[in-house]
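Each of the two complexes below includes chain A, the first together with chain B, the second together with chain C.
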Partner chain A sequence: MEIPYIFTPRKDTGMCNSKIAIWLFLASEVMLFGGFFSSYVYLRLGADYPWPERALPVLPGLINTFVLIFSSVTVVFAWAALKLRKWGMFQLCMGITIACAAIFMGLKGIEYNVKWHHQAVRLTDYTILEGHLDKDPKAIDAKGQPYEADVIHVNAEKLTFSTVRFHKPWVEEIIRQAEAGKATVALAEELSLQGQKLPAGTKLSVDLLEAIQKNHLKSRANNADVRTDALRGEWVAAKAKAENAGKQGWEMAPNINIDPAKIANSIMVETPSVSFVVTPPTNLWFKHRDIKEGADQSRLRDDTAIIGKLQDSPVAFHNLDAIDFRHVVMQAEKKGIDPVKAIENTWLIKHSKEAKEAWEWNKAQTARLEQELLDKYGRDENNQPKRVPTLTERYRIGWKDFVAKADGVDKGKEKIHTSEEFMGPNYELREPKHTFPHLHIPRELVFLSGKFTPAWNTYYAIYFTMTFLHGLHVIGGAIVLGYYLFRGKKMYQSNPEWLANRVEVGGLFWHFVDLVWIFLFPILYLM
Partner chain B sequence: MADSPEQIKKSIKTYTFIGLVLFIFTGVTVAVATVPALDIGVHGFDHWDMILGLLIASFKATLVGYIFMHLNHEKKAIYWIFFGALVFFAFMIVLIMSAKSDPIHFNGFDLGLPF
Partner chain C sequence: MSAHAATADHSHHDDHGHHHEPGFWQKYVFSTDHKVIGIQYGITAMLFLLFGFYLMMVMRWSIAYPHEPLPGWMSWVFTDTWKARWLQDGKVTGDTYNMFGAMHGTIMVFLGVVPLGFGAFGNYVTPLQIGAVDMAFPKLNMMSYWIYLLGGLIMCASFFMESGAAKSGWTNYSPLAGFADGQIVNQWLAGQTQWLLGLVMLITSSLLGSVNFVTTIINLRARGMTWMRMPFFVWAMLVTGFLLLLAFPPLEAAGIMQLVDRVFHSSFFMPSGLFTKSEGLAELSGGGSPLLFQHLFWFLGHPEVYVLLLPAIACVAEIIPANTRRPMWGYKSMVYGVIVLGFLSFIVWAHHMYLTGMGPKISTWFQITTVLISVPSVILLTALMISLWGGSIRFTPAMIWACAFIPMFGIGGLTGLPLAFNLVDLHLHDTYYVIGHFHYVVAPGILFGLFGGVHHWYPKITGRYLSKTLNHLHFWPTLVCMNFLFFPMLIQGMAGFHRRWYNGGDAYLAKAADSANVFGKTVAEYIDLNITMSWAAWIMAAFQLPFIINVFLSLRTGKKVESDNPWNATTLEWATPTPPGHGNFTFDVAAYRGPYEYSQPGADEDYSPQWEKPKTDSPVVAPQPTTAHH
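Then we have the complex of A and B:
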């Protein structure tokens, strides 16, 4: 079939169809990204925590900006090459464009990966700590590897599973851990299912729980039917009574009840939960997000109750690479407390010698910076210094500051390797100088613990949402442009103008992707 | 639209030039944000940095739109479609921001705000 108006303009619009179509599509994209940009504005203005200004490493973002701008130039060159009928030139320019897309996504991947493996902990006193965790030798996973020291240990004596809600992989994990601890998990009391008796002492297995679940669901359905039938019977009988003649349903309702004795024979035993005893009581560990821990009883998210004493379950930092007091300061100012006093009363400063040293060092550095700014810019008419150190400089001790401290240089004068600008600190390289402290935090002080994922705070949530959506656009655009590059030869030979038009339309999309990044880069990396 | 080979060759020069301008302004954005000596407003990030950053970004976006996306010689219908969407978006933002009683303390564009 002949497609009309591929590159000849339609009389009514004065344009070819594809151009109108792509601009309509880009208009809808404006609305899509616009929605997320306004989310960003509102999340930022409404944040009840110090917004992480300029928190991302600038270098990868800057390189990505250059890469995208460069690809925008090459894609328009590719179009011009087709207009000039230079196939080789088109191939070269389009190839570079797609390579740029690959570089962009590669850098994005590195950036995401670093975030995804970087630990953060917020203490109950609002101190925020960042770094990497130790391994916990008591928490061995299914592959025999120690898990990160951010788990909850419980000396389990008794487990009660919810028959309908138990989560299979977690049951399997409990069985595995009990076996590793040479303990048996066995049914606490005898249980009778239809036509089958399960003696006390039957070992826990997923099959067993599934059989109990099946029996429970069957009983529950049966009992519901029996009760409904009985109630229906009562209604029929009530309506037939002479004294109820002419009465409305709501008048009769209070007197209509099921007689339990009548249906006792048809009712089957329901088992909404089932208990198992752990002998001897053994240590089980759980990921902190799966459990709500208590001193004597804890509960998993699938409603499994664990009776047993909570064990020492610290969050153990192998490398503590940032201490952030900005949230402490924010809370202190709300309550009218002196921020420095509030910081010096935190658990961290009172309990960690290294953290105290780092804080004192940072205080001295801030004082130096304050003096420098005063010398340089002077005071205003109210005798206040014109420029003062930022909140970040005052109250956040970042990894670069730890490096500066270890190297014995002033803040901002530290030597950072280029790879560290992408990947974060090189711990092995910094190890000999004990640049980054170790730290054990008692579990009861941990308010929130997690990696820098969307779950950490609204900044990372919107950062990942917007950059991921943008990344999808980069991939989609690269696929379309790649199609023209690798499959366009035939079209070029039969009708070069057609291919030129397609590349122009694909290029318009590509420029739009660049245009979005032009805004994303400053708002996420520089502001 | 520049369609003759001469015009295309001429516009290639324009594209190169615009590409360079975009590179330079990206550098400027990063420099004013990271080099203390070039910092405007108070020391560190404040609303002046935000305004400057967004102005430069808008300028760059305009260049991309006008030159790379050929909006400089496009039919009127395209303007209606694209700028119509932008205006519509701005209108919607104003609708949201006109809320007087919400937990977000945003009291208008008076530029004296601790952004």
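Then we have the complex of A and C:
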């Protein structure tokens, strides 16, 4: 049995199977990316926060664009070389194509890496701060290293674990921290399991919790069984009663209950939760996403209740890269408040001398810029200036501005190292001049904090999702093309036309990947 | 990756020439033969259908008898620990009901009906009907099946986890679906997340499948099998293939975004300032849009309806001409109808979202397109109905199902019309009326068509007929029960019964005669229908046993077929040996005429198969594929 038209085209359709399939596949891919691009438009138009325009470094993106376009050309050359039966030329061109894919992913990696190493915080008054965090000397992790100063500290007195839900790694972490704090975590009250009594004071361990869990699940299953049988019995009895004849279930239901006395002997003790006392009360720290903190009582996501006073848990910036008031302005305009007043009323301006200085400097710079634009472009027929500073220029003080301020030059005239175009400020170089403000933010003022991950806002969410998916396509395409390059020799010798057909199909896919990037680059980097 | 798969696929054909007998695993399990894959799809899909049916029976108990413990004959499948976790004193809880409801819908649609119609029938019949040796990409075909199975198992495995399976409805709307199972620390082990993983796999599977189908139909047609000589079944598969190919990816995009929402805490579908009872003010950036998810979901969701329907209507379209012994009425209109249907199905999606407040202009647009799409649907159904007119009908088992399909699907379709109008829909949205409507389409409609298909092609697959007696024992009670199950839903729906009440409306009852609760009085009037419907469902379950027995028993004891063409049908699948071997045809097959040439004047018999050369005195010129227009 042989499938026809594997690489010879069918006369009436003019195409071989793989060519049809790849076009269909690409149509499907268009719909997939179409879904994402539509979502981008939808999210951007519906954004109720200032969409981060031109937030990404343009240079690596631009280089990547040309790298991919170039690779699309070389993949065609590789195909042509096969058609001309020039194996060496094919190897060269295909090799370049795959090298381009590697360069693309390398630059992408640098870009991603930077995002994971910058902190962002949104305050409850919508001020947005970006920068790098201090280490928290009180939050020492398992490797003995201090954790970044963005954790919640609780002076734990009592812990109540959910027997069903407790998360093992978290229990282990609590035990580790308690030991480090020279505290004991011990069972609050005596607990009797089947055939075993656990005295108060038994030390917390995962094994202990698992034993309690096992016992609880067993009791729960037994009790459910007993209660189900009892309830069934009640219904049978009720239906047999003459007074209930012809009545519907919902009419009888209120009078049907399980008699606790009848089943008391068969019921086993359930332990849905179990409490431990921490002596002496000791400081425990948690990542802020894992805990819902309260003044006296906090709760972990796995339903562990922690009784104890919430400690001072500031977000401490070692240095700020940017202060962004655009969201403050947006909110102020919604409420009809003067944006400048709103900014000057923020906690940041009131509490940080450095931030206030930077803001004043930026205000002066904006005024200068406004005058320059007016001088250069003049006014329109309504006597309004033709060009004015952008919102970003007005209300965002970025790291380049801090550099300009320290260097004593105008906004936009600062000297930037080439590496900084890719990676952001070079602190080793800049720090001695103290160009970046330091800051401690009380926890209650923090609305959201984290790295520049999908969680930061929907822009970064769609940026990561789309570029990651595109990256997967680049890797997938490179693997396929690499397979032809490194494993294609045998096929080239036996059936070069078939290999050429495969490279053509692979090349079509490669062009599609390139095309997607040509859309991604402007919408994510330039607009 | 798929580009790699699409092209690398050819490699295994290198070994043709030296035929070696494949072993058991290669022949029956990891087979690349479209017929074996079709049967694998069929069996798997039917098992999933059975599972979905079972979930529904438990739900129906909760609706009819919310205060009574689940009876032993339904609850024995659960372990004690599972029962203790998910049942309250043996009664179905709201959470459990939600979980079963979400999974019932998901399983029936994504794991049951689509794989049965498209995966099983499509795979088995399409290459045979166009005279191809196999699918264009047999290995892709195999991968498609295994990815589907894996996706289905991942979804269902979550029933046994701490979180339970997905509970946010089969539509999985955010923000509910973004939060559900939020207490599970390792999100990869949460039912709601696994639902999304399973979904992404199912979409991948259907992508591989649809690329394969469309390529096969375009390029592997036999000599003379021009476009207008293709049986309607093949046309339906072609359109279905395009629907899957183009409509599913946006849902994949939505699924990926929801996955990112769940695992990386992004806010694609989470609005600003979201506050929940359990979480308080959500620790999320916000700024996303729940409506975006609905748009992306229904962009698939509506074409999906036709993905469900077309294979069933395709089966019926094969059964009816073969059993009326006359050509299909309006073959061309049906072909054009199904193409138009395919196009229109892409622009009606927001009629599922009238209640979201999209604004009157957008609602009107979708109202118009929705009404428009009823035109091709009616063309299909009318052509099938008129095909019966003047035919000499043989009531074979397949024909009985096909005949029941027409009025049942008709009820389903006609009850949909009021929902198309947004003013009426405001009242009926999310009521049992909607449930009644689409279940009439899917259960007695689509499933009847597919049951007919099983009876029609079983003799080709196995060489034996299914038992007529057992079929009667299956068909008639099922027909009656279906109507007792779904018609009362229309009534309850118009009375305002909400589709997601886990206790059947019990909580809304006016308990006292002089109550001011007016709606409660309406509920009291119609709540007893719950019991009728539930019993209809359970009785229907019992009467599926004859079918299951029939399928297995007839493998051994069924009457053997007299020839390779037991129904004296005209399409190419009947030109193969019974059952067809690897490679399908034993002669150089070609199509010499249209697909449904029954009772042609001048012919010796009342059917003229496509593969039979026309009787002519002049030398026969084999038709050339170049005559095809496309």
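The working rule: the second predicted complex is superposed on the first by the 505 of 527 C-alpha atoms of A that agree within 3 Å, B and C clash if a C-alpha of one lies under 4 Å from a C-alpha of the other, contacts with A are read in each partner's own complex, and residues count from 1 in each chain.
What we mean here is this: a residue touches a chain if its C-beta (ideal position, glycine included) is under 8 Å from a C-beta of that chain, and two chains touch if they have at least 3 such contacts.
All of these numbers come straight from a predicted model, not from anything done at the bench.
Asks: Between chain B (first) and chain C (second), which, if any, makes contact with A:116: first, second, both or neither?
Replies: neither
Asks: Taking the superposition as given, does A:461 touch the first partner, chain B, the second, chain C, both, or neither?
Replies: After superposing on A, A:461 lies in contact with chain C but is clear of chain B.
Asks: So, does A:72 touch the first partner chain B, the second partner chain C, both, or neither?
Replies: first
Asks: Could you look at A:393 and tell me whether it touches chain B, chain C, both or neither (first, second, both, neither)?
Replies: first
Asks: In the superposed arrangement, does chain B or chain C reach more residues of chain A?
Replies: Counting residues of chain A touched by each partner, the higher count goes to C.
Asks: In the superposed arrangement, does A:373 touch chain B (first), chain C (second), both or neither?
Replies: A:373: touches chain B, not chain C.
Asks: Could you look at A:15 and tell me whether it touches chain B, chain C, both or neither (first, second, both, neither)?
Replies: Both partners.
Asks: Between chain B and chain C, whom does A:486 touch in the aligned arrangement: first, second, both, or neither?
Replies: Neither partner.
Asks: After superposition on the shared chain, which partner residues are touched by A:62: those of chain B (first), chain C (second), both, or neither?
Replies: A:62: touches chain B, not chain C.
Asks: Would you check which partner chain A:505 touches, where first means chain B only, second means chain C only, and both and neither mean what they say?
Replies: After superposition on chain A, A:505 lies in contact with chain C alone.
Asks: Kindly list the residues of chain A that each of chain B and chain C touches, one partner per complex.
Replies: 13, 15, 20, 24, 27-28, 31, 34, 38, 42, 46, 508.
Asks: Under the definition above, what is the set of chain A residues touching chain C in their complex?
Replies: Residues in contact with chain C: 1-7, 10-13, 15-18, 20-22, 24-25, 27-29, 31-36, 38-39, 42-43, 46-49, 122, 164-165, 167, 170, 217, 220-225, 227-232, 235, 248-250, 252-253, 256, 258, 288-290, 292, 301-303, 448, 453-458, 460-462, 464-465, 469, 476-477, 479-480, 483, 498, 501-502, 505-506, 508-509.
Asks: Could you list, by residue number, the parts of chain C that touch chain A in their complex?
Replies: Checking each residue of chain C against chain A gives 1-4, 6-10, 13, 16, 64-69, 80-81, 83-85, 87, 89-91, 133-134, 136-138, 162, 182-183, 185-186, 207, 210-212, 214-215, 218-220, 245-254, 256-257, 260-261, 264-268, 272, 279-280, 283-289, 292, 295-296, 299, 506, 509, 527-528, 582-583, 625-628, 630.
Asks: Hey, which residues of chain A end up touching chain B in the complex?
Replies: Interface residues on the chain A side: 13-15, 19-20, 23-24, 26-28, 30-31, 34, 38, 42, 44-46, 53-54, 58, 62, 65-66, 69-70, 72-73, 76-77, 80, 83-84, 373, 386-393, 507-508, 511-512, 514-515, 518-519, 521-523, 526-527.
Asks: Residues of chain B touching chain A in their complex?
Replies: Per the touch definition, chain B meets chain A at residues 3, 5, 8-9, 11-12, 15-16, 18-19, 22-23, 26, 29-30, 33-34, 42-45, 49-50, 53-54, 56-57, 60-61, 64-65, 68-69, 75, 77-78, 81-82, 84-86, 88-89, 92-93, 96, 103-106, 115.
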